[in-house]
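A, B and C label the chains in the order they appear, each numbered from 1.
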């Protein structure tokens, strides 16, 4: 009687709760979780002095000129990075698209070549986007030296990986019939892409690219922390010198830039929709 | 006296006058049906009775206290004594039946008990008892999204019964059901109210259901009470006036050959007509 | 689709502006593009890449990487957990449940938290909490709170209010009303958002070490500074493996919760 009436979810719930508690403790230890550290006199003083330095904001003409240059650097890095990413993503995305496969529609070359090619590009894209952009940047700084070139290439590679995957997905999910009929009529793959798929997918492709540009602006802001120029580098220097006024001005610029990129991206995407 | 309304009026923010000068007294244990065209003010009236809408004018007394003169704490206590059956069962689909039923007493339980019940239901036997009366006992630990619409409405009913309210309000409780289930549900509401001695006020769109099951019927038109009579004294002329704007009587039952206008039957045995 | 047969003037203008922006960016950055493709540069890069192989698989270094990977996992999990809690707390006022003033204040706070990148938060938190994983945890938690709070608030605004209203009408206190009437409606979506952010955070946690906030990033930074490319390569492989593992775990949890 009582066994039949027992809540069937009780035991699993107990088990999950215990598992979570047992796991949480080592996790907190590993993450060195001790909120008290925030209130240690040394840390409080350091943070307090730094925050007190926030006001007044640093507004000397020299610094503002430097800041302006760094801001343009950041924007240019994001834009150039996206351009590189698109160059990388377009061919890979096209290769990924199964609806452009000539082998699939009839006799001809064996389909396995295409399949192999697709698997290879998928793997390549996964590696490109699997390594965070900052790691790429760190690597490129070692090859090309300090400066925005490393940032542009890092953004281009990571975002190329993301864009390529999404381009492929978008092209796959658009109506394949126009492209198929073009292919069946004997036209080439690029013609089938340009006249059969792109007209239907253009908006989505563009919209996603703009969204990625917005992300690239955020990402390029921090590229400077590994020496790839832009606002991040300026921030890094100010933080190292514990110059609160400069840091506050740069932070404010960050906010304005990120919010502006948000706004631009949203307006662009809304106008395209 | 279960509740008293005196000169109650309410005007929506958009200027629509939903209630005007409503007087209504209902004794403890009475069972009252509210009928009237849609938009007549039945729902607004029920919300005033549930102490969830403060009228713009008039006096409200519910279960011996004036809801809008007492502290927020006492208002919450008062609301916990009033049960409401909604038109659509207000139950999150992923909640389990047992939790949904036990939620009926959240207004009465101390905080720790409500929180504990979220982890492990504190009174599954109580929930099972209410569900058993509605033929749903074996679904106690099922998730609500696995139930049919009719079953879900019965779970909502079980929740209100588990609440053990002194005043039971129902706002079009059967409007989404087929005629057979409507009949069953309204009968059930009346049985439970009678068995527990609870005051029941239900708004119904189907006139025949109201006349068959409720001893007292109140007709609401344009925010005022048109008639307030024992079911047996409600005649077709009154009903035609009540539903003048809708051009026909809304009923739940099957269609019948139309009756001649001069042979006005007793309301209690009013032949069910097809609604227009 | 297109109503005109020809190409509209605005489209031409837009494409022109776009190309000009890209060209302008490259020109402004003054990138030595030509130098990148000279024989010596290619050779140098090739040599650099070659030094990454084979990865350093010495047992004591593997142990070090394993420990750092665990630390990274802990940072990502704890920070996501903290952010989900704080995000939920801020999402309630941000969804307009505590008046218009509360809504604006909460939205402003969320936007502020979200707009500052994780790495910038990390530099600030290193100052506030000292070097180490705790700074990284706080930094990720702060940024993620902004992101999750906004998403949570949107989910709240789109959930039907009737279950909560019914409970409040029955006299239930506000907290209980939320737990019984609103949370079950939004929980699956909130969980999905939190898991999705966990996938992002494991990647971020891996690089916060660059500014001294613990985890795999610190190891990568040191090994690259010390020209230990083989070790760096091991760390990068560990990062990739962690990201793939977390993606899998997150997908599994999402499926389980959705069932």
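We take it that a residue touches a chain if its C-beta (ideal position, glycine included) is under 8 Å from a C-beta of that chain, and two chains touch if they have at least 3 such contacts.
Treat the numbers as computed from the prediction; the structure is a model and nothing was measured.
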{"item": "Chain whose Cα centroid lies nearest the overall Cα centroid", "value": "C"}
{"item": "Chain whose average C-alpha position is farthest from chain C's own", "value": "B"}
{"item": "Chain pair whose interface holds the most contacting C-beta pairs", "value": "A-C"}
{"item": "Euclidean distance of C-alpha centroids - chain A vs chain B, Å", "value": "55"}
{"item": "Where chain B and chain C are represented by their mean Cα positions, the distance between them in whole Å", "value": "50"}
{"item": "Length of the line joining the C-alpha centres of chain A and chain C, rounded to whole Å", "value": "9"}
{"item": "Multi-partner residues of chain B (each touching 2 or more other chains)", "value": "none"}
{"item": "Residue ranges of chain B in contact with chain A within the complex", "value": "96, 98, 119-121, 124-125, 128, 141"}
{"item": "Of all residues in chain C, those that touch chain B in their complex", "value": "162-163, 165-167, 169-173, 175-177, 179-181, 184-185, 187-188"}
{"item": "Parts of chain B lying in touch with chain C, wherever the complex brings them together", "value": "50, 52, 76-84, 86, 88, 90-95, 99, 103-104, 106-108, 111, 114-115, 118, 163"}
{"item": "Interface residues, chain A side, partner chain C - complex", "value": "26-34, 37-38, 40, 43, 46-47, 50, 72-73, 75-77, 79-80, 83, 127, 130-132, 134-135, 138-139, 142-144, 148-149, 152, 199-200, 218-219, 221-222, 225-226, 232, 235-236, 239, 242, 251, 254-255, 258-259"}
{"item": "Of chain C, residues touching chain A in the complex", "value": "1-2, 21-22, 24-26, 28-29, 31-32, 36, 44-45, 48, 70-71, 73-75, 77-79, 111-112, 115-120, 123-124, 127-130, 132-134, 136-137, 203-204, 206-207, 210-211, 214, 220-221, 224, 236, 239-240, 243-244"}
